[in-house]
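Presented below is the structure to which this report refers.
Chains here go by letter, A, B and C, matching the order in which they are written, and residues are numbered from 1 within each.
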Amino acid sequence: MPTPTRPDLLLPAEPGQRALARELYALAAELPIISPHGHVDPALLADDQPFPDPSRLLIVPDHYVTRMLLSQGVPPADLGVPSRDGSPVETDGRRIWRRFADNWHLFRGTPSRLWLEQTFTDVFGVDTPLSPATADTVYDAVAAKLAEPDFRPRALFERFGIEVLATTESPLDDLSRHAKLAADGWGGPGGRVVTTFRPDDVVDMEFDGWPTNVDRLGEITGEDTGTYAGYLAALRSRRAAFIAAGATSSDHGHPTARTLDLGDTAATVYDRARRGRAEPGDAEAFRAHMLLEFARMSLDDGLVMQLHPGAVRNHNRWLHARHGRDVGGDIPQATEYVHALAPLLDAYGNDPRLTVVLYTLDEYTFTRELAPLAGGYAALRLGAPWWFLDSPEVLRRFREAVTETAGFYNTAGFVDDTRAFCSIPVRHDVARRIDAGFLARLVAEHRLPMDEAAETIVDLAYRLPKTVFKFGERS
Amino acid sequence: MPTPTRPDLLLPAEPGQRALARELYALAAELPIISPHGHVDPALLADDQPFPDPSRLLIVPDHYVTRMLLSQGVPPADLGVPSRDGSPVETDGRRIWRRFADNWHLFRGTPSRLWLEQTFTDVFGVDTPLSPATADTVYDAVAAKLAEPDFRPRALFERFGIEVLATTESPLDDLSRHAKLAADGWGGPGGRVVTTFRPDDVVDMEFDGWPTNVDRLGEITGEDTGTYAGYLAALRSRRAAFIAAGATSSDHGHPTARTLDLGDTAATVYDRARRGRAEPGDAEAFRAHMLLEFARMSLDDGLVMQLHPGAVRNHNRWLHARHGRDVGGDIPQATEYVHALAPLLDAYGNDPRLTVVLYTLDEYTFTRELAPLAGGYAALRLGAPWWFLDSPEVLRRFREAVTETAGFYNTAGFVDDTRAFCSIPVRHDVARRIDAGFLARLVAEHRLPMDEAAETIVDLAYRLPKTVFKFGERS
Amino acid sequence: MPTPTRPDLLLPAEPGQRALARELYALAAELPIISPHGHVDPALLADDQPFPDPSRLLIVPDHYVTRMLLSQGVPPADLGVPSRDGSPVETDGRRIWRRFADNWHLFRGTPSRLWLEQTFTDVFGVDTPLSPATADTVYDAVAAKLAEPDFRPRALFERFGIEVLATTESPLDDLSRHAKLAADGWGGPGGRVVTTFRPDDVVDMEFDGWPTNVDRLGEITGEDTGTYAGYLAALRSRRAAFIAAGATSSDHGHPTARTLDLGDTAATVYDRARRGRAEPGDAEAFRAHMLLEFARMSLDDGLVMQLHPGAVRNHNRWLHARHGRDVGGDIPQATEYVHALAPLLDAYGNDPRLTVVLYTLDEYTFTRELAPLAGGYAALRLGAPWWFLDSPEVLRRFREAVTETAGFYNTAGFVDDTRAFCSIPVRHDVARRIDAGFLARLVAEHRLPMDEAAETIVDLAYRLPKTVFKFGERS
């Protein structure tokens, strides 16, 4: 990576703390990136084709960007976001880019601005500040770089210093891209690119096409998903296949954090749903129950469980109707953990063989629920602030809120959670800078000696995520 | 206004940031005041009579002050707060003032202290610090100023640099004060003093005297409010009258943020209530439904909708029994927005013709609900922190919390929300100082260049509220 | 106390504020300690025996420490936490200490680390920093001190500068330790060690052994607790005995903040429960009702009521099954105050004869509920942040959140709430440092003049808790 253009970016303004933070940040700045949770398309790295134009790379798929423009009246279709019904959307990358640049002021003070600016300068070496007047200049400069071989995905992966990147796939995925990566020496157990087992589409009865999905799960595995026993066997089979493709964790995105042990009733509920006769509450109960089943499977196969509850999917129904899922229409909701997780914790919360990484979209649980839980159960670790919360101010508030009760070592390290491959280094860099600033304050306030702060920043940036997500066995 | 006595008031203490904040604040300090939401009595400016004595001006009507004294055992009657039953209360302004001064220490660290101090010094030029010992000196000095012509309401309005001030009236108000103001060249569309359409007393079936109020609404408009259709017609008629008196927005203070489209059932619910046979839940459902009706009316007539939910009115029942409404007995409650607003947002949330300004008394929704909603729907803007939250610390936390997801440009600018005319300039000044400090930190942390911060502070202080509240057409 | 080893500990890092904070802290540093709420065993001071070994003093009984180690897979049995069934646990103090020292890094950034470090240095004069390598050195040095007469409980009490310490006892306690203390000139009304009336085990029908407890209450008092009237009489009788043993307050730890006036139904509910026929909801309703009864008793006998709701007791069921109550297995839950307290506040909220000190485990009520309530009712005061929240960051956020609406003078001063006698001075010291830092910021931002900040820091550290908890009559 080139020398950062803003060496003191995000470090505390007070000169004494800034000096300490600089020293701490320097220890973490060049460490390899561990990216245990994200949504990069594995085809990108499997195929290693050049990226498309700047807008298709940086604007169209970034729902942080398109939702902000929607919030000020710019329709996603004008930004090239594909429509569900195939009705026409803007296709000219340069016009999309100009619309974006015209609204660049909307992003003042947002992480999107930081991520994009640092991507321009540090990834693409484009130092012209973006503005309506410079839209074309920046577009052309980025486009020129994208044509160079050094800007193909695998070359960038090397340049970014990524040690391991986990993508996220459904059990229905054939993992062919990961097979290609393994064949090229990039994937498989201990590889540089691994998968994550994300079974929501076969677990959540309210997911579009659940019955068909479960049928396909049966076909793929040769198990009879007409029965609950066969369904569990099919899931176990896919977990084994994912582990063979390098997976070290599963990932569960539920509306709530509820867990439940349905016991023998689980089969009854499953049967009802398979016959199209699910009763009210069945979907929620079954999701909750399956978290216990997956915990049991993890005791056997060692996959780390990631729970990220609390999103109301497709809250913006107009947006969903026109442009589908994952385009910026989800909204967080209040999330309760203390009672919701009790069944899971009663069963396995004190078992050190299990690791559950808890995420949240609701920062108003940090000191009341998340830190006391993670600081009191052997199985729990706190995931980094997620989604709307993976921003400098919240990363800082996260440390200020959870450290006192859970310490640093019950947290799991930063996750970038991104589809935007080019933003991976800057996102991790932001987290390292914020952690350096927080530790610098502890040192400045005589709460921690510098040598321990120095050890801690390296743990947070590198050792902790590697250990928690079980990438430690690798060389 | 005189030179402020504390030029660095509220600016960040760290010298580097303070220097930046000073520079930014200087750009906003002298800008005209846009006051789109407040409760100044329009008779004040229509009649332009001298203010009464200092206690009747600054203590008796300020429920922030009287509730704090009540919290330490000083009964509101001893402070001259009028009683409902006419039982005697303190009438001697000087004795009220002394009681207040004796308890001045209670206000350390509160915005009331700041507002009052700056009012003494910057409005009245009284530099003697208030204390039990100086009570009479300060009282006499303020009283002397109040007798001068320069301290009449219109003269102060000019001195304060107010460009536009919106008062708040019920549809039952005859708007005669606004007519007087218009006749004097002060009111009417595009005028300096305008009204706001606040229909709670004819919408909320639980409001004291709702049936009578709805009858009067019919009389005033000549519509038959015996029917739901007539009721809607009457409301439309009053909205037109309010717009003719300069209104650019409506204002809705509900216990919750719930919205609902009752469809044809609305007429049934209305009829039931008119016959005195409202069922449990009718009032809440009808309030919720009427927000959709008002949104529809806004699509036609252009009024900006302000929603400020979450107050439990008259929580202090003893206080309400003795002294009535709006004397400090209301308490906030937890407020849910994500599900509550869904019906309104499903209907009109992406329609850029509609503007809904959302306020809150519950800061624990900032990052979880309000910022994601405002950053994802074209119709939504975030109002400034309201009531108990219109304080330096919360204004700062508001920016720290919502900017990363909603940006600056989905916020609506500061509103003073005050009955206390003399405190208007200091309240806006506090907000400008806090915004300057927040922007200075972004600059100091290399997150925003100074030229963009400079543009932003002017937008926040002046351009945004003018645009959002549609005062932009004025000269 | 020896000169602190870190004079600027926890003071703001910015030099200007630090200088102001130092000045303010110096005014509070040497003030006597008022400890109105805690869980020190009175036998400690009654018997004045030497403390046991360092692990039994500092590790085994400190559930902050043992839960953190459990959270990383170290079982409490390995740390010597007694088992319920008598199964063997570690008994070797030195081995416990080594396990603890091996995990010392877990406590970075936690208050436990601060409290322990300051206890080592300032109480025991041991300056060797703890680490796995120095475990034995520190252990031996502390152990050597514990053998000296100067390190007996009463000598430390004197050295710590404690003016008054309240312990907490059940109505079933015979108060013999307090009688011994009184006989030695240490206890009784106005004494240095007093008790607190904590009736949860005879009020909460869900408490283990409630029927037996209520029987015993009858035996102790000679009242017939077979009837509700006799039950109330017995409680009044014990309150009188507690007052005779110096108590100035009662203490109520309920799952929720709910209050209720059951009226005549109370006797019915009580009778049902006594006959073993309690109905669902009876326990919660009766707890809620008894808060009104205790408020009524307080109007008569003057005891200050402390409410600390919001803990889910024994959430970690595995831990409870093996090691019992109060060993780190409790978790906070969301707590509602505004509606829950309404019945109590309707009855007595404006009565200045009553003082209710409200605590919380849920900081996400600070600005929405607690500050508006305490700033608007004469009977309410806000207790210091409690339990997981009695940490530097939350103490600071508490002042930042509640001061603007409730001021300083509706707060009740710091409470250490601790079983760990040796940590009392450092806990109070931390609170004084944080308050000094907060006040220094107000001064630096020109929000409060230095002379008033100086008065305030003394009030917060000393005068307020003494007044609120009615220790004011003492010399």
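Operating definition for what follows: contacts are C-beta pairs under 8 Å (C-beta built on N, C-alpha and C of every residue); 3 or more make two chains touch, one makes a residue touch a chain.
Since this is a predicted model, take the numbers as computed values, not measurements.
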If every chain is a node and every touching pair an edge, decide which shape results: line, ring, star, complete or other. complete
Tell me the rotation angle, 0 to 180 degrees, that brings the C-alpha atoms of chain A onto chain C, to the nearest 5. 120
For the copies chain B and chain C, the interface residues, called same if over half of the numbers are used by both and different if under half, are different
Could you state the distance in Å from the CA-based centre of chain B to that of chain C? 40
Numbers and ranges of chain B residues touching at least 2 other chains: 14, 364
Touching chain A in the complex, chain C uses residues 6, 8-15, 67-68, 70-73, 105-111, 113-114, 129, 312, 315-319, 328-329, 331-334, 361-364, 388-389, 391-394
Parts of chain A lying in touch with chain C, wherever the complex brings them together: 14, 16-17, 336, 338-339, 342, 345-346, 349-350, 352, 364, 367-369, 371-378, 380, 399-401, 403-410, 441-442, 444-449, 452, 455-456
